[in-house]
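What follows is a set of structures for review.
Common to both upcoming complexes is subunit A, partnered first by subunit B, then by subunit C.
Showing the complex of A and B:
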């Protein structure tokens, strides 16, 4: 039986008079994949920032894997298994794809930094880095630098680095932003395959409804800091008020 | 210019470039992990030279006589060890204190450290120049067409070339190198991934100190060490840093070579304008390519 990986209750964060997150509560099962949608300014990114520890809430609690992490620092949350990637790609631009993956694996394994031993002798690290590359479909570009690969591959590299930390919960902020329409489904396929292989639960902020419909089985709709819908995409996304909020003026 | 003279200048350029490289690469390594231009770094070169002079004249000659291996290897070994100890004990705390406090503060603090070191050298070893050129003469001279050239300088060029290859391996192919380059590129992201930055910094400081200490010990047999040598080499290494560009292996090599080339050239033709020529070249590079010839690309 799977337990609850995440329990958020009464989470609140105001920026001055702006109610960015205004009393949000939800729970997630282990291994579950949750999509968060909503118009700009709905509080999606703030919610992700609160859960990952980039900002602290005004009130409310966050329980992760059975413990209260509400006041834990960003670094401590990485330690307990919460990791995230950003809207903007975050990679080492001067390192090759393989080196990018290796450094992430190496730092998790807390391996030595011997000056005389070659990288090739780093068996455990290299094997895991290569496995990550294969799962993310980056095998062809191992020796290239991030500036020399496609936007989709770059995004996958970013996410693979996050996954190299072996988190229990991964948060992805708009994984297909900046990726061409042609590439977005392929990127999502590879991201979800890797997430599944690592058995990580995931929260994915997404604005692209095509992606949401295709890949989600649970959607959380946010509007003005509150959750206004939570359930299967076929039920939630067809509701009249949700459609109006998501599509905005163009729909009205 | 005769052919033999040209060959002599070419070899002297390489010899001098070797010494400069051993200082500039260390400056670059420390800048990589701490973003500090450590002006006190050249004192480690001087410390290496002082140590070599002291150990050669007080022990090696008495214990090992004129054994060539002892004359060459022991000063290098001692200089490396003494330099690393001094660096960890005296330089590292100052660098840690100056870290993140702004360029002006860092330049003043590290220059102050250079002056402190210079005073310490004078207290320990006095003001008179120290020399120990046994290794230089023991290796003898070789024919260079119609001239003679010291074998010792050839040895220094070869040895430094060897060191440069090892350094390249450590930075681009070793386990340490991967973490070092990641920290140099993006310390914030490295620490977010859980890299132990403190350890990488200590290892980088040790590496830079060994290079500078070896440089000083290699330099000693062809000259002498006296107060002011730190400053002389600091200025030249600094020009090399500007010309080659901050924060890269290639930049260290290029900077050392270009500085040495123009210095050798000006010493032959216009010795009174040696520094003027160097600064003019540095100014020209800054005008045309402000990030330096090999810089801007990172490690």
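Showing the complex of A and C:
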């Protein structure tokens, strides 16, 4: 039987008077894929920031893989297997696609401190980087800089960098934001295929309901820092109050 | 990787070609315009400083206005070890300079590297200017503004350059400095292509993203700061015997400004950028100083023109497809 990979309880983070995350509790099974939806400002990104160790909570606990990681630093959480990507593409703009992937793999292998061997000469790193590129559909653009590739490819690169860490839990903050309608399903197909390949559990923040309906089997709805719905998308997304909140955003 | 390292401005072949050129050009310039060949020696020495400076600026994204401090540490180590220990073995003196710069940069870096942008730049500037004040004020130790006269060194552990004539010394010292340059530049090439070098580039491009990959960015920035300081100190140490005197102005903030200038002029995004920048800078400075006392105005116009016309510096021009095509037509091996 698979254990619980993540147990979040009573998590709270206020910014001054803003209750960004206000008593959030949920659990996730190993290998599970969880979508988080909710209007702008609902606290989705803040929740991801808290779980990844980007910011520290005011109160509450985060149990990951059987241990309490609530107060662990960002770097230590990467060490135990939590990785995330950002809502806005955050890659290394001065490096080529292959260099981006290679140095990410090298970071996981902890060879960063070597000063005299060339990065290129690490065969294992190169092979893994090429495999990631293949899975992410970036083989054609290996020598390009991120500014020279499509927004969809940039997103895929960003996510591939995260996956280079071989995390147990991957958190993706709006993987399709800024991606054209044409590209978004392509991006999601790739991402989910890669996630599956790596056997990682995932939390995916998503604003696009078409994407959520197509790819999720469990969805959390957030509103004003609280979870107001948790379950199968067919049940949750048809509820009247949830629809009003989510539609309210779409027509706001 | 690949693509980037094949660019002319990032290739080892460019370094080799340039080193050969510097070796060959020295006697030719000496023959064409006697006295001007020493500019090349100054250029080679300052290129070591610019390379170190640019590890921090171009590769780590930290702009320092205080690296003159480490140039001063290098130059004054030569002066003080000569004055107080009667030491003239240059490699031993350079070794002491490296150790001094290591200690000093570890100490200062530990404080300043926590900051970014203007805070970093100003903090390191203040520290550097304080050190400059020390050289000026503590007359009985440093000779104040009179400085310390530098006797001819013993190089390679056995070769005493004291008996040599002016031109002979300059020539021998040129090739000696060139050897140091090739060594330091080669090591730098290894560094920037290593996982460590790429980690610095990650920090430059997106420090928060590097942290999400589990990188302790503070440690890496500190390491880059120290390495860059060591380069600048070696440069300062090599500069002293050629200059024949060390004075506080070697540690003045304008020297830091020159390193910024050289990196931008040559192109700080390229490995070869600071090297080419240093060589051309010293030439322009000499010419400008010969023309007018307001030479710094000319230099100011030059730097602004570079930033407007080619933000990626001279190497940026060279890496344009049209230029490469010309090269290939000429069948140049670069």
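Basically, the second predicted complex is superposed on the first by the 237 of 252 C-alpha atoms of A that agree within 3 Å, B and C clash if a C-alpha of one lies under 4 Å from a C-alpha of the other, contacts with A are read in each partner's own complex, and residues count from 1 in each chain.
Note that contacts are C-beta pairs under 8 Å (C-beta built on N, C-alpha and C of every residue); 3 or more make two chains touch, one makes a residue touch a chain.
Since we're looking at a predicted model, the values are computed, not measured.
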Exercise for the section: Could you say whether A:142 touches subunit B, subunit C, both of them, or neither, answering first, second, both or neither? Expected result: second
Practice task
Identify which of subunit B and subunit C touches the larger number of residues of subunit A.
Solution key: C
Practice task
Applying the touch criterion given at the start, work out whether A:107 contacts subunit B, subunit C, both or neither, answering first, second, both or neither.
Solution key: both
Problem - subunit B versus subunit C as contact partner of A:84, first or second or both or neither - result: second
Exercise for the section: Considering only touches as defined above, state whether A:234 meets subunit B (first), subunit C (second), both or neither. Expected result: neither
Exercise for the section: Have a look at where A:96 lands relative to subunit B and subunit C in the superposition and call it first, second, both or neither. Expected result: second
Practice task
Check whether A:118 is in contact with subunit B, with subunit C, with both or with neither, and answer first, second, both or neither.
Solution key: both
Practice task
State whether A:165 touches subunit B only (first), subunit C only (second), both chains, or neither.
Solution key: both
Handout entry: Set of subunit A residues, in rising order, touched by both subunit B and subunit C
Key = 74-75, 78, 90, 92-95, 99, 102-104, 106-108, 111-119, 122, 161, 165
Problem - subunit A-facing residues of subunit C, complex - result: 1-5, 190-191, 193-199, 201-202, 204-206, 208-216, 220, 269
Practice task
Would you tell me which residues of subunit A are touching subunit C in their complex?
Solution key: 52, 54, 74-75, 78-79, 83-84, 86, 90-96, 98-99, 102-104, 106-108, 111-120, 122, 142-143, 161-162, 164-165
Exercise for the section: Please name which positions on subunit A make contact with subunit B in the complex. Expected result: 74-75, 78, 90, 92-95, 99, 102-104, 106-108, 110-119, 121-122, 161, 165
Handout entry: Partner subunit A, residues of subunit B touching it in the complex
Key = 169-170, 173-182, 185-186, 189-196, 199-200, 203, 207, 297-299
